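The same chain A turns up in both complexes below, where it pairs with chain B and then with chain C.
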Partner chain A sequence: MATNPDSIPPDGRPYHEQPQCRNDFPIDWPQDELVARRDFTKFLILTSFAFAVGQAWIVFENWSRKRRGRPPIQKIARVDEIPIGVMRVFSYPEPHDNCILVRTASDRFLAYNQKCTHLGCAVTMAEKGLHCPCHNGWFDLATGAPTAGPPRRPLERITLEIRDGVLYATGVA
Partner chain B sequence: MKPSQFEFFVDPNRCIGCQSCVQACGECDTHKGTPMIHLQYVDRPVSVQTVPVVCMHCDSPTCAEVCPADAIKRSEDGVVQTARKPRCIACNNCVLACPFGVPKMQTEFSLMMKCDMCYDRTSTGLKPMCASVCPSGALWYGTREEMERLRPRSRSINTFRFGEQIITTKVNMMVPADGPAQHIDVTAAMDDEPIGESNALDSVFEDM
Partner chain C sequence: MKKAFSRQQKMTIVFGILSIVLIIVILQLWLLTATMNAFLGHEESVVVPALIASLVCFALNAGLLRYIYLMERR
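On to the complex of A and B.
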């Protein structure tokens, strides 16, 4: 006796001729998407566990960052190469950490991490300060503090030092 | 040999009423202590003949058709599973609807439980509990060829008629090879005169 893989409706007509409700609530197991309460609870528990592990990972990352100490001093450019009022991009302390450098006056240099403190888009210089185009966030050019838009934390400041006419990045404030 | 080549055969003629199947069914770990098989007396006042009733696993399972909670499912190999516990609302619709009288309502669990042909066993090629203990072969699980060789005077049927409804099942019933197919009109009994004397009210009216 061959077994039908699908059950037969009582009137014997094929499934595509049946009312929608019969296809919405199929009798056949393969056609049914069964999520049991136990499976759902399992999913919740495993997800909470993953979140807890994530918290521990963040704590570990913070701890290891503190252990790493201050980043090394890095040469950016010669002072006379940098024009006033123009934004320059450099990498500090890691090659993927893009930073912006602005010379506002002949003796005044400002450097910030380019990553917006809202969701990490690249910040660029605009007329009214530093602008993040993703969600229209604004930062004060002089201090890096947020002035408008969604960001709530100031941009990371890069400390600078001039030695013998050469500009160096000395650390992340 | 693949599990799909095995079939279940019920041969009520051979049942001796020993209750082995009932005990073995209750031993199963998936429903420990609650047998899913029914051992019915055909006509107890006049005969000791018993009939084992397992789920026949219909191609068009009426129990699942009437389930308002979508709790009864039929798997790909044609086995109608017992009610999904998170879904069953213990409404008794399947108990009333099944033409073979198979589903059992377990009120203490608020759950319908029925024979699933020992799905944990048969899906891996083992015999169902009841067929593995039946001493007379009334419940038998194996290949069709072997069954035909063992019982040449019987033939198996898997089509049943209840009134206007014709049901094809996965489980086979052994009947005499030369006997005619009997169809029982289940609603015919409604036209019969009631059995027994109902003189209680008559005597009341006579006195009036």
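On to the complex of A and C.
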């Protein structure tokens, strides 16, 4: 029989009314609560450490992005091969980075990374601008800024240059 | 010599510390998501200050945990 006054069964009834198992294995509930909360605090501090490591990882990724420098200049197509008002897809700066190129006027070209800034779906050209079909996100064709739907950041702009009638991608703005 | 805390007092202290730690961890979570958003948007100026702030939060949490262990030893 437990005699410790701190060992209180959960329903508060005296020990002689408790099941045998509780008499055989008494639990000091206040102590158990103290230990449980202390351990939960330890777990939260481990989480806090994980968040600090996450911040350090962002700093590292930022540093490595700066270290890579500007991407190389890459030929896209000849200017006369691109019709006005038609979207064309090309890869820049890496082969898996799809970008879209739109010729809005005879002397005006716009290029953006095709990855939606919400959850990374591929955006396409529509009548009202650039459209992400996954969650109905919309971007302004002229600036790449989000105009409707869940995206909050503008599309990555690809800087372009025309040399001798050939269109080149020169960097990511 | 300092008088040892009773179990009831310890419980109150642990509860208080737990509440503070919880608030700090939520703050760190917000900081991480905001920094990630800024990083993806090529806004680099906030990255290092956010790391410093997060490390300060972690140091504060670790200090509170140390206090709990010191209290247990009394």
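Simple rule for what comes next: the second predicted complex is superposed on the first by the 121 of 173 C-alpha atoms of A that agree within 3 Å, B and C clash if a C-alpha of one lies under 4 Å from a C-alpha of the other, contacts with A are read in each partner's own complex, and residues count from 1 in each chain.
Everything below uses one rule, namely that contacts are C-beta pairs under 8 Å (C-beta built on N, C-alpha and C of every residue); 3 or more make two chains touch, one makes a residue touch a chain.
None of the values given here were measured: they were computed from a predicted structure.
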item	value
First (chain B), second (chain C), both or neither touched by A:R70	neither
Partner chain in contact with A:E61 - chain B first, chain C second, else both or neither	second
Chain C versus chain B, contacts on chain A by residue	C
First (chain B), second (chain C), both or neither touched by A:R153	second
Touched partner set for A:F51, first chain B, second chain C, both or neither	second
Contacts of A:R78 with chain B and chain C, given as first, second, both or neither	neither
First (chain B), second (chain C), both or neither touched by A:R163	neither
Touched partner set for A:R108, first chain B, second chain C, both or neither	neither
Which of chain B and chain C A:W29 touches, first, second, both or neither	first
Contacts of A:R37 with chain B and chain C, given as first, second, both or neither	both
On chain A, the residue positions that both chain B and chain C contact, one per complex	30, 34, 37-38
For the chain A and chain C complex, residues of the former touching the latter	6, 30-31, 33-34, 37-38, 40-42, 44-45, 47-49, 51-52, 54-56, 58-59, 61-62, 66, 117, 152-154, 156
Residues on chain A engaged by chain B in the complex (per definition of touch)	1, 3-5, 7-10, 25, 27-30, 32, 34, 36-38
Of chain B, residues touching chain A in the complex	4, 7, 58-62, 64-65, 70, 72-78, 81, 84, 86, 144, 158, 165, 168, 170, 172
In the complex, chain C residues that touch chain A	7-8, 10-11, 14-15, 17-18, 21-22, 24-25, 28-29, 31-32, 35-37, 39-42, 44, 47-48, 50-51, 54-55, 57-58, 61-62, 64-65, 68, 72
